[in-house]
Amino acid sequence: QETLKIGALVTMSGAGASWGNGMKRAAEMAAEDVNETGGLDVGGTKYMVEVIAYDDSYKANEAVTAANRLVFEDKVKYIIGTVGSAPILAIQPITEENGVITMTLGFTAQALTADKPYTFRPNPTTAEVAQPQIDWIVKTQGVKTVGALFPKDETGEAIAKDLAGAYEKAGATLAATEFFERDRVDFIPLLTRIIAQGVDAIELDGNSPVTAGQIVQQARDLGFEGVILRTGGPATQEIVNVAGEAATEGMFVHSAFDPGVESAKAYEDRYVATYNEPMNGFSPFFYDGTKMLFQAMQDAGTVEDTEAVKAALEGISDYGGILGTMNWTGEDRYGIAHQLDSPFYIARVTGGQEEIVARCTSAGCE
Amino acid sequence: MSFLIAQSLINGVILGTLYLLMAIGFTLAFGVMRIVNFAHGEFYMVGAFCALIGVTWLGLPFPVTLALTIAVAILLGALVERVVFRPFRNDELSGMIASLGLAMILQHGALILFGPDPQAFPALVSGVFKWGALIVPKSRALALGVGIVILLIFYIFLMHTRHGRALRAIVQDQEVAAVFGVRLEIMYPLGLGLGVALAAVAGGLMAPLFGVSPFIGATPLLKAFIVVILGGLGSIPGAALAAILLGLIESFTSSFVSASAADIVTFALVIVVLLVRPAGLLGRAEA
Amino acid sequence: MRSDLSVRNLVVNYGPVRALHGVSFDVPEGQIAALVGSNGAGKSTVLKSICGLLKPVEGEIRVGEEVMKPRPGDPLRHGVALSPEGRRLFGRLSVEENLMMGAYTVKDAAARDDMLDRVYGYFPRLKERRRQMAGSLSGGEQQMCAIGRALMAQPRVLLLDEPSLGIAPIIVAELAKIIEEISRDTSMTVLLVEQNAQMALSIAATGVVLETGNVVLTGTGRELLASPEVRAAYLGT
Amino acid sequence: MNALLEISGLTKRFGGLTALSDVSFGASEGAITGLIGPNGAGKTTCFNLITGTLPATSGTIRFRGQDIGGLSPHKVVEHGLARTFQAATTFPAATVRENILRGALLRHPLGLGAMVFGGAAARDAERKARQTVDEVMEALDLTEHAHREAGTLAYGHQKRLGVAIGLATRPGLLLLDEPAAGLNPDEVDRFATMLKEIRTRFGLSVLIVEHHMRLIMRICDHIVVLDHGEKIAEGAPEAVRDDPKVIEAYLGADHAK
Amino acid sequence: MTVVWIAGIVLAALIPWFTGSVFHFHIAIMVCISAMATGGLAVIAWVGQLSLAHAAFAGIGAYTSVLLVTRLDVPVLLGLPAGALVAGAVAFIIGAPLLRLRGVYFVLITFALNELFRLIMLDIPEFSGGSSGIAGIPKISLFGVTLSNYQSVYPFALFCLALVMGLLVLIRRGQLGRRFAAVEENLALAESSGIPTAKTQTIAFTIGSAIAGFSGAFLAHYVGFISPETFGFQLSVSYVIMLVTGGRLALWGPLVGALFLTPLPEFLRGAVEYQHVIYGVVLIAVLRFLPRGLAGLPRQLSRKGGRG
């Protein structure tokens, strides 16, 4: 019996910690699953899976040091991480050169390119999910002009661009966009201006849960009565925590998670029971992603030859994950099909809870 | 347009006062005790968690919670003074760096205890005051009112009582102050305790507005830095002026130019002020 | 309560260097004593030890019957106040706030205000400058403020370290009168360290001469003034 | 005697307070000039203006015929004007020798390269500077303290060290702010002798602020009296001592004898 | 004393070759880079100033070199000194007004400056890559030979560090160091002893910031990725921590600080949750029990031994 080490290079301190913990725990639970059955059976050898978790504090330099340690010291061939865009770009020279398969959350488009064959992204980004949802919202809610606030960072800027295009296509306009420094807590002046432009809706995609919550609350305080929506970034519970039930009532959110789906619900329950914290919305993707990685190893019959594992991973299709059926896409957008496509939903918040109002695929909603 | 100007003015003044409240404990530690307290934001965070525990876990009324928060914070501050800052009383730089260590301990301690996610904090009041088109959210008005009262009490204590005077004296010459009967072993912990208490009260008051999580300390620290630089070392009126100015700049640039411009303008102003008036807007030059 | 000051066998070190080698002397209640000696003799060291700023290696300091603990603050409780060498004002407090710091432990507000008026009476200059930051005062003004601050404590034993330092001649004469007057009116015990031995010894009942950490001569002020050694060494005539 | 330092119409205001108002006087080559006056008269302020520590509100300051108003202090020192401070001021953590050496280097300027990389010029400069230091220490009787840290010296010695640092810059005019404060009369006398010696030995002129009338009367060739920021008298020591205005403002009746 | 120091440091420098671990090479390279940057900060500290804008100057050096190399095809070997030069030039220009402030005021204004740098870089994405930064930065190459692996970068890093430390030794021992010390101890007296304090401080600030620029450029080419966030306030703080832990005024302080604090997180990385708490505790303990920093430890020990 042997040990298979998997690295979790995620953010566990600072503001990205919610995501990082969600990812790390997903990997741990996936490992627990196979360890309980006596280990992962690859080509006749049983491997006990061990997750080695390091914190990158959402910083590129830290991530590089941690990646070096994982790759050269711990000799891992698989890394779950990173959370942030800058860290993934910073560690790719190491992971790609050494053939380390990496599963990142980082939203940057540059994370997936044809010359980075070992990087995969098991969660959909705005680029994937925005269009169908926006089409649906524009159609059903009669939204014409939209205002949006984004953090002035890589993710915020990328999302702003994607969304502007998506609204345009849907026949509405992203009329007012504002970028702000991350630590900002007061949005009243920005909202004052946006609302004064007479927008029908406010879009919150790209903001951290705390920020999104503050924006919702302050917008409602200012008497904004239009639609508030968030077409990406599952974090409804956190937003409700910050803004309160009253302010979030009727808000539309993106959700990857249908509590009606048995396996998904089971995962959430297990998560909460194990860690005694609410589940982060990205966690299920990385659980599925890790599981797919295991399957790829089994398909390839090796844990050492990551080239073969990579090929096997790329070959998986119609994977039955806890969130639904999953496939690799992204050839046309990124030049490499390393982007996972999975079903998702539009939910309305009522009484602090998500209530699914539309089911979507990349083709469209309802 | 004139509506937007009036609303921006109101927003700016309110925001400035909230910033003042966030900053004032730092001003005390810095201007009076000569500690550049990088853990200030974490004490704000601790205050917010105290309020959270009081209101949601223990179900206490908000005023009671606030009073308890102050008590806890004074004790915490006194303890921290004893354990961390005492050896650095005459060494500003080492004290400053020790406070960085303290900040790490507090933030990650909170992370271990409470997890990274923001916590739900029930709104105390909801709705807005309206005058024509002008709007003031009631939640802010409340924080503002309580904040101003606390600031006034604090100002009177520091400037017009003998203990306040003693606090200001010990930093300049603790030996001589002791010779005249000031009890250092009480005054130092008290001074820092008050600074911490002010930070914590700010955290408690603003928890309903801005949420509670282990990471909320960054903003108050940044604002406190700016307010202190602009306002001048230990000058409370200076801090007040600077905070309002900061609020107005943020409000007006955000409303009329763009949000990212607000920060650049703020920092550029900080640098210009320091160059033109090194002691800050109302600060007095070092003797 | 008696307030005579008695120093017994005081030994003080700075690191490895011994500054006082067993200094003993007494100042009777209500009298003025002058401590004279050349630079580095250890006069300031004696005063600092009395008010608890230095911890003696050996020796005992009493006010009346009570032995004082060698830490700052305790001597004040026994009524000892100091106007230190180098003034050491609270530079960023105003003149008046400095004076009020002197009266930090004085509970009786009326007595305190009364004393403030008296100090302003002695040094009208301070009254003119009461709102000015002490750090920006002229040297002599600072000296007056330091003396005033010590007076504000309403001590029974007043320690003055070179009060005439940097003070204009016209005020020095004044100062001697003030010290005499205070001591007489309030039966305050005064220990005066002075380079201006002429002035100090002429108002002192007792004189103590210190040389390299040892007491070499004691006597009444008058005796010392007349003593040829003292005249040669400290009066420059 | 030529006027080495000429001050005319010097005025300094701090906010509403006029610390110095339209003061004019001079200091002659080779002479010791006294600057006296009651506390707060503006003497130290006057020094601060001459040496560039504070900017003057108005007035001109000429040294050897050159206008040195508005120059920064280190430039003023280069012109040959050194000063000591009223409070004992030293480099507390350095030894006495090192303290004086820091002043002595002024007369042996080096390029940035030589300062970092050394070389013959740097060694030469250092050697010459050390010579100056030895001379100064001897003249001011500090040799026995050469290796002590300045911060541990008794007050009186620290003041003398201050004079030594100033002297090491080889000034033409030395400005002394109460150099004898804290000395006993005997030491004052010795200081007076010492000062006269160094004046001849180093070819100095001196402008001195002091409250020790003995010292002033003994050594000064010329005295300027300030009161409330204004010049109230000027002249030979005896004349100044007997001037009723000076007696009233500064000396007091006791000195009139 | 110096001999002991040098022997210890040479031994420490050899560790990666003994263990042969690639990761240890990485850590050793990071130590070199941090030690250089901290060395620059030390030069500024010698005139009594603490700069919280040190990361910004590292950033200026990094961006200068990266832009020269990627846009103008300048060889990296020239890019590194160019980074130092530009950082130094910027420091020289803004130094004069900034350095009128001292003590905590200088700390605060440099803090503001670092933030301003970050914000401005975020606002000019055409040069800085904005918040997504610049990835795929060319590796260091010497006369056409690319230092492609860690084992080959390390000797070069050691060489650069030796240069920087050599410069520090020369400054400290020479006349310039004497002037720095005078300014640090008593500015007013230094000025009136004929030392041009403003100029002296500017020189220190320029040299220190140029060294920071060099280290930043090195970092950029080594790590291969930079963004404005890389050179944020946090990095400045970590340099300050290294300096003070090592010993603020000790010649070997920066090196010792970097040597201690760069690997320290690695010992704690396993204790995921507690590592930052432990780090904080260690920091406070070092400050408290070793007031002269780690570099002062031998002296402190020998003194204790001598007495007891």
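Which chain is which? They are A, B, C, D and E, in the order written, and residues in each are numbered from 1.
Operating definition for what follows: a contact is a pair of C-beta atoms (placed from the backbone, for glycine too) under 8 Å apart; a residue touches a chain by one contact, two chains touch by 3 or more.
What you see is a predicted model, and the numbers here were worked out from it, not measured in a lab.
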item: Common touching chains of chain D and chain C; value: none
item: Lowest number of touching-chain links that must be crossed from chain A to chain D; value: 2
item: Taking each chain's C-alpha mean as its centre, the one farthest from chain B; value: D
item: Between A-E and A-B, the pair joined by more C-beta contacts; value: A-B
item: From chain E, the most remote chain by mean C-alpha position; value: C
item: Distance between the centres, which are taken as Cα means, of chain C and chain B, whole angstrom; value: 43
item: For chain C paired with chain E, centre-to-centre distance based on mean C-alpha positions, whole Å; value: 51
item: Computed distance of Cα centres, chain C from chain A, in Å; value: 75
item: Residue list for chain A, restricted to those that touch at least two other chains; value: 13, 152, 181
item: Sites on chain E at which at least two other chains make contact; value: 119, 122, 273, 276
item: Residues of chain D touching at least two other chains; value: none
item: Touching chain combinations (by label order); value: A-B, A-E, B-C, B-E, C-D, D-E
item: Chain D to chain E touching residues, read off their complex; value: 51, 53, 72-75, 77-78, 82-83, 85, 89-94, 98, 101-103, 105-106, 110, 112, 114-118, 122, 125-126, 165-166, 168-169
item: Touch list for chain C against partner chain B, complex; value: 51-53, 71-73, 75-77, 81-82, 84, 88-93, 97, 100-102, 104-105, 133-136, 149, 153
item: Touch list for chain D against partner chain C, complex; value: 14, 37-41, 43-45, 86-88, 152-157, 178, 181-189, 211, 213-214, 249-252, 254-255
item: Contact set on chain A toward chain B in their complex; value: 13-15, 17-18, 21, 149, 152, 178-181, 183-186, 188-190, 192-193, 196, 209-210, 213-214, 217-218, 221-223, 237-238, 240-242, 244, 246, 277-278, 280
item: Residues of chain E that touch chain B when the two form their complex; value: 50, 97-98, 100-101, 103-105, 107-109, 111-113, 115-116, 119-120, 122-123, 237, 240-241, 244, 248, 273-274, 276-277, 279-284, 287-288, 291
